[in-house]
Amino acid sequence: MQKEISIHSIEQVGQNLANLDLKRELRRGIPEVVLGEGKTSRDIVKIVLSALKMNSAVVVSRIRREDLSTICRALKRRRNRVEIGKNSTTILARTGFVKKRSSGGKIGIISAGTSDMAVAEEARLIAEAMGCSAIVRYDVGIAGIHRLFPALKEMIAASVDAIVVVAGMEGALASVVSAMVNVPVVGVPTSVGYGFGSAGLAALSCMLQSCAIGLAVFNIDNGIGAGAFAALIANRMASNSNKIKI
Amino acid sequence: MQKEISIHSIEQVGQNLANLDLKRELRRGIPEVVLGEGKTSRDIVKIVLSALKMNSAVVVSRIRREDLSTICRALKRRRNRVEIGKNSTTILARTGFVKKRSSGGKIGIISAGTSDMAVAEEARLIAEAMGCSAIVRYDVGIAGIHRLFPALKEMIAASVDAIVVVAGMEGALASVVSAMVNVPVVGVPTSVGYGFGSAGLAALSCMLQSCAIGLAVFNIDNGIGAGAFAALIANRMASNSNKIKI
Amino acid sequence: MQKEISIHSIEQVGQNLANLDLKRELRRGIPEVVLGEGKTSRDIVKIVLSALKMNSAVVVSRIRREDLSTICRALKRRRNRVEIGKNSTTILARTGFVKKRSSGGKIGIISAGTSDMAVAEEARLIAEAMGCSAIVRYDVGIAGIHRLFPALKEMIAASVDAIVVVAGMEGALASVVSAMVNVPVVGVPTSVGYGFGSAGLAALSCMLQSCAIGLAVFNIDNGIGAGAFAALIANRMASNSNKIKI
Amino acid sequence: MQKEISIHSIEQVGQNLANLDLKRELRRGIPEVVLGEGKTSRDIVKIVLSALKMNSAVVVSRIRREDLSTICRALKRRRNRVEIGKNSTTILARTGFVKKRSSGGKIGIISAGTSDMAVAEEARLIAEAMGCSAIVRYDVGIAGIHRLFPALKEMIAASVDAIVVVAGMEGALASVVSAMVNVPVVGVPTSVGYGFGSAGLAALSCMLQSCAIGLAVFNIDNGIGAGAFAALIANRMASNSNKIKI
Amino acid sequence: MQKEISIHSIEQVGQNLANLDLKRELRRGIPEVVLGEGKTSRDIVKIVLSALKMNSAVVVSRIRREDLSTICRALKRRRNRVEIGKNSTTILARTGFVKKRSSGGKIGIISAGTSDMAVAEEARLIAEAMGCSAIVRYDVGIAGIHRLFPALKEMIAASVDAIVVVAGMEGALASVVSAMVNVPVVGVPTSVGYGFGSAGLAALSCMLQSCAIGLAVFNIDNGIGAGAFAALIANRMASNSNKIKI
Amino acid sequence: MQKEISIHSIEQVGQNLANLDLKRELRRGIPEVVLGEGKTSRDIVKIVLSALKMNSAVVVSRIRREDLSTICRALKRRRNRVEIGKNSTTILARTGFVKKRSSGGKIGIISAGTSDMAVAEEARLIAEAMGCSAIVRYDVGIAGIHRLFPALKEMIAASVDAIVVVAGMEGALASVVSAMVNVPVVGVPTSVGYGFGSAGLAALSCMLQSCAIGLAVFNIDNGIGAGAFAALIANRMASNSNKIKI
Amino acid sequence: MQKEISIHSIEQVGQNLANLDLKRELRRGIPEVVLGEGKTSRDIVKIVLSALKMNSAVVVSRIRREDLSTICRALKRRRNRVEIGKNSTTILARTGFVKKRSSGGKIGIISAGTSDMAVAEEARLIAEAMGCSAIVRYDVGIAGIHRLFPALKEMIAASVDAIVVVAGMEGALASVVSAMVNVPVVGVPTSVGYGFGSAGLAALSCMLQSCAIGLAVFNIDNGIGAGAFAALIANRMASNSNKIKI
Amino acid sequence: MQKEISIHSIEQVGQNLANLDLKRELRRGIPEVVLGEGKTSRDIVKIVLSALKMNSAVVVSRIRREDLSTICRALKRRRNRVEIGKNSTTILARTGFVKKRSSGGKIGIISAGTSDMAVAEEARLIAEAMGCSAIVRYDVGIAGIHRLFPALKEMIAASVDAIVVVAGMEGALASVVSAMVNVPVVGVPTSVGYGFGSAGLAALSCMLQSCAIGLAVFNIDNGIGAGAFAALIANRMASNSNKIKI
């Protein structure tokens, strides 16, 4: 008799949800993201082409370096536009005929070392896929801290609504930035580093422990998550302004 | 000769920065936070009274439970208003004569178990100290997941601009919420739990690994940081609307 | 406009789930469990009395030792029956007038050292709260492995449908038992131990790594979870038999 | 003199156990499992052929991908039937002439992401090798939680006696399922994930910490163990019914 | 039918082992050890008195400091002799009327700091309970390495058959000793230390990683295990010599 | 015969070292340090008085707070001078009649938060016990980074020969300082912090991973070690200058 | 002036030690061990040939599998005898013309799984290089625990003086053996395993935590250290007997 | 309005810092270091040639072994001098026409095993790039501790101003050296080792926990940092002497 009840309850839930893709409806601000890791170049092309039928932009992260050009060529041949992240193997593919959508949102992206650039580019690509523009300043680590000030100044002047800080090694840059500005700051530790605290653990713990109140953190190397989160804030802000204006 | 140059450079930097409290100027959105831990009740009262001369609101976190009533009485005697977080030993002290400032910002706060409530209240108090209002729903864990839906519905209907999710044990609630809404979601793991992954490590790793793209995370039990961050977003949104309206 | 859709979707979900306590309906096989840790004896008594209005049995785990007799007296005064686990501070409270329900299910519980007994008793109490009977054999560690054989023999002869093995230190007992019987074996590592691998980590990793195929594991000291799981199997088996017989 | 006694005691034990393969006698419900990792394709074929002389089914896990087709061809050439797990390199080999044995047991297997499928298939193959049938639903993660309900409904309706939930990343799916059904749920964390909590540690700790009472856990990627355990329950249930019926 | 066989097999095993305490018969070289931790002084006295009926010596480790004198007085009142380890709360209790048995075995015990002495004394007491004599040299750390040489010289001259080295902090002393002598060396890391590698982890890893080939290691603070192991070697050596002589 | 050789070799070594306290002779720059932890106030007084017979200064670290005044009174009664570190329970005791020795060495000490002050004071006291003077600037964290510049300027102007940076939480201050000056910088992480990376692990890993080349690190809370090391450099520098001058 | 003293003291020490290879003199029981890892086959051959000029036996561990036959051929061509460990890439090289020296020592070596055999063979080869004979029994895991009894019986009957137990996965075998015999038992955890506790950590912690008193442990995969240690005991025992006999 | 202020403050800071490369001005004592890891040989050559336009020496660390000769040839072709570290892939490149600058500073470098040599060479190359000379003694581990004394004697006699000790495995050598000399000692743990504490963690914790007061530590394998730090001390000392002399 227990089973009857179970089935019944589940049935009610099931019926009402069956035709509903909650994620698609509620979160459509964030485009499809395909993890390239562990997939053949052929599979990736197939998935992207299929996803581009329903979405105007698709991000593919962590493609094997040797497959990068094959995949890009294959996508372009089908008249899609493809952008490759600098120093990275993450790409943003768009259907060729759709005009680039601009949300009006604006974020800043800062990275500490050249090795952190690939993760920062993930953040930029997903943000741009969401129609959000990004001011990027790379190689602004605390070992050359004076290079940081003009970068922050420019971002504040441009009214960015969130700043993504990407840093490996000790990851202190995110704390320093967070202590200096009054826009929401999002930290992304990277797996750059060696010895104790390597694989990003030093940078992660450093950002979580930040004595600057209000620094939000993403997992190690999760540029995509941080970029999407920052763009969500910026786009919301922009859409809010637009709504009111009209 | 090396020293001369060092002194010189530092001097330039020093001169220009000497009269500048960057943090005060740039981040004044976030009120003073006093860590009660390891301080006597007398010291805490002294610090709060002094801080209230320059700030309209001060948050004191992690007061020893046995000192709580002494401190509150002492602050009230000086005509300050004091609010104690539910189940917690964090307080919000305001000067009595200043009218409660409202920023127009609005956030949601959800916590999983009753034991997580103290951390959630930290988030609420700092947000309210920032003039941001909070819709709170506690005890909405995934073991009773159906209680989550009306809570989210109400928050979305009220147009909150960020949702803070506080959860211990496996911390899965933050992922579940993040997968269901399109406002920025901020997760706070708590140190509730036992055995492997205790002290909040299971919840922290769970939130960092979330397969729902775009969940920002704070350190274990850092309700203050998450509340301040969410209020920063909401207040910015509100101030933006106001600015445009006027 | 995004918000309208969000609200709408959540509304649909909300409406259908609002009057449904999924857990209560679907999982009612498992009684209410109250975590005593961090609660006053007065609160515990209040919660238990309230819970006993709707349930015939309530388990309270990890009561502070000094509160144990106060709580038990208070519950008995209200005509409830109370059983305290041996060596433990976990209790099983039942309403006095309801006849002890027997599910017909039968499990075995084995513990390695006397220090593991408290966790084993948690398993026994929750199983009995679920109407399942338990054959218990404590102090049967691998340092005296010959004591294990008669214990297993008796359990198999009594047709138990699951065996819970509770062991701290190196936790090898669970592997040894699992390699010797063909009923489902459930291991519970305990926090008994010292030095490297202490706090139950040696026993936990030992059970997870077991080279005996098919040993299911619960978190360190989680006697309640393991007892409930084993009783779920045994009760299902018994209810199955009964259903068919009639 | 000490030695005499030692020898004597051991001798007694030895004599009585010498001709007894406890594992074979007592646990024969679980078929032979060969770990492919670190073995040449030639050795694997030899071991499987030899094992198939005494067993009707053998499972070989973690074969090197490049050896997969060689091994399968070699086994088929000897008139054995071979099934390869989807997305996986685990195979189930059966002697060709024996009719597929059905125990009447029935389990459900759910996996969260496509990357978790290989581990889920391990569970399915061992269960089927034990004569137990499995209802499988893959790619049902909490990021698309509505897809979960019809899957659970179908499994409950089909009267499965245990559900195996395979999930990487934050592994929250096992908790969610466990909170919703009243059949025994067995969680298998997978090594899918990155950054903090990677290699399956987030999912493992999440499942061990589950606030849903009664979720049994297996080691990271141990689909074989979980499948065998679930099938043990289901087959026992089925054999129990059969016995009584006759 | 499966069950019949299981019972049968277990029965055979059971019958043959039932009257056999393997450990007592085979390992009687090592006396009874009672863990004082978590036991009341009354329970400890009861257990020791009972154990002394069948054994001439009992070691009780980790007695609460405040119970030490009560327990010793109670045991002496019953005409037992009691020795307390220096700086420690471990005791060796012997029946008063039995002459102290000497095995002829001889070991050396060295400890690095005064804080390591309590663990070293555990090793001494168990060794003496086994009839083995011990040459002890405490406070011989590598910060004053020249004090080490005369200590080693004396031990080698006295023909010890094993040396126990007890060291906390970086635990390097065990490596240094092991590199200098040709008797078996046994290292015991202690939980003395702070910061990274505290709780004995630095010393444990240091001893396990020793580049001096042939250093055997015991768990952190496990003086009893190391002392028993060293005495086992020395007693075996002595009994061997004696046997041959006679 | 093996033994003869062993004894012989050890004997040679022993004879030559027997009258040599290497540490005293070679390292006498560093005064006696007594660990207060785990010692009674009476023992501490006894040890200090005895040490002061041969040394002009003794540092006692980590005295229990409740014993502090008793110990200081007892030492002063014997005509010694005692200085207590600010916020700390570490003291510097000197014989009253000896004039305070000045080495001419000079170091800087910076700490990030008020909670780090106790560890910074350990560094100051040991340095002063070594005759080295210290310029101290406390509460100069990166959350108020502009306060750092005048502090560094002053230290460089005063020609300090090493700077000790004491910081908890994310410990980024040491990196920032190290990137800005050309004197040797020594970092001391403190155990101030919470959640992931607590107990000083975040600060330790942050300092070890510093992208500023040339930051030397001490263990968590090891103010004594860092202060002694910095003073060793500064005193050597000073003694070098002096030697040449004369 | 400090320097003079330092130099002087060091000089004294230096002069006396200069012509003394302590290790060679004192520990010559243990042969030269060459770590093959990271060396070219050519370098290995050169080192071994050079070592064989002064030693009758040399052990080379962890040779790259592809270099194994090249190295063996090169050594044999120079008229040395070479033995390769089963399943392993560790070899024992002896000069061809020296008669195999027998110490009279005897040890037992047991391994749990076939994957542990390579480490067990390291123990056997070093023991044999030390002139000690070894009784080996491989594939005697606790999943087939009955196979253990005849193995132990044979070893006890043969009067082995130490038993090396090599086990991966949960490593419980060492505990079980240690609880059953009265000869010194030495455990070697291996890196065989997966998921939580992999890389040998489960087996290592299991052995360190063993509730069987007196189990000595070596680092993960350190078969050489354990074999050398066991042989040291056995050879000492044998040499002792011989000395007395004569 | 908030933004205006932010921009303003940042502007002030920006203007004053814009033309200032603090690091170059203040720290020019340390030459450019290029991380070879993850860069193509072509990129490395380009970066080095460009850096050599402004610096007389550049260190490139962790070049891929197969690129080493290509890079060196390319640099020499442009008339630069190149030195490769022994056993290592770190190089020191200098412009050919500049005379090798000598600072007069002198340090000692000691390494424990041959495998630690590559890291020790990093320290030597950076020190020499800074004009500091180095006395090196490799293969002086504690397993042959007597070889240490003449090495230390020579270094003290040569008046080195700092000693770098590079050690893997248990890393005890740094403690031993630090306890014996009165010059500043800097420890570098290396990633040489296996099993528990591998990847340098045993050596790192050992050095951080050193009971010899005043041992400064660098991260695992960070020979460059330690060499630069030691040279900074030595050069400062030398420049100090020189200044005074003139």
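Remarks
Think of it as A, B, C, D, E, F, G and H in the order they're written, each chain with its own count starting at 1.
The rule we apply is simple: contacts are C-beta pairs under 8 Å (C-beta built on N, C-alpha and C of every residue); 3 or more make two chains touch, one makes a residue touch a chain.
Please read these numbers as outputs of a predicted model, since none were measured by experiment.
Both chain A and chain F are touched by B, H.
Interface comparison, G-H versus B-D: the higher count of C-beta contacts falls to B-D. Centre-to-centre, using mean CA coordinates, chain B is 58 Å away from chain G.
Distance between chain centres (mean CA atoms), chain C to chain E: 37 Å.
Mean C-alpha positions place chain E and chain G at a centre distance of 25 Å. Rounded to a whole number, the gap between the C-alpha centres of chain B and chain E is 52 angstrom.
Residue positions of chain H touching 2 or more other chains, listed in rising order: 2, 6, 10, 13, 17, 20, 22-23, 26, 29, 143-145, 179-182, 194-197, 201, 204, 208-209, 213, 219-220, 222. The part of chain D that touches chain C in the complex is made up of residues 22-23, 26-30, 33, 161, 179-184, 186, 204, 208-209, 213-220, 222, 224-226, 228-229, 232-233, 236-237, 240-241, 244-245. Taken in their complex, chain B has these residues touching chain F: 2-3, 6-7, 10-11, 13-14, 17-18, 20-23, 38, 189, 191, 200-201, 204, 219-222.
Within the complex formed with chain B, the chain D residues making contact are 112-113, 141-145, 169-172, 175-176, 179-180, 193-198, 201-213.
On the side of chain C, the complex with chain E involves touching residues 115, 143-146, 149-150, 152-153, 156-157, 159, 180-182, 194-197.
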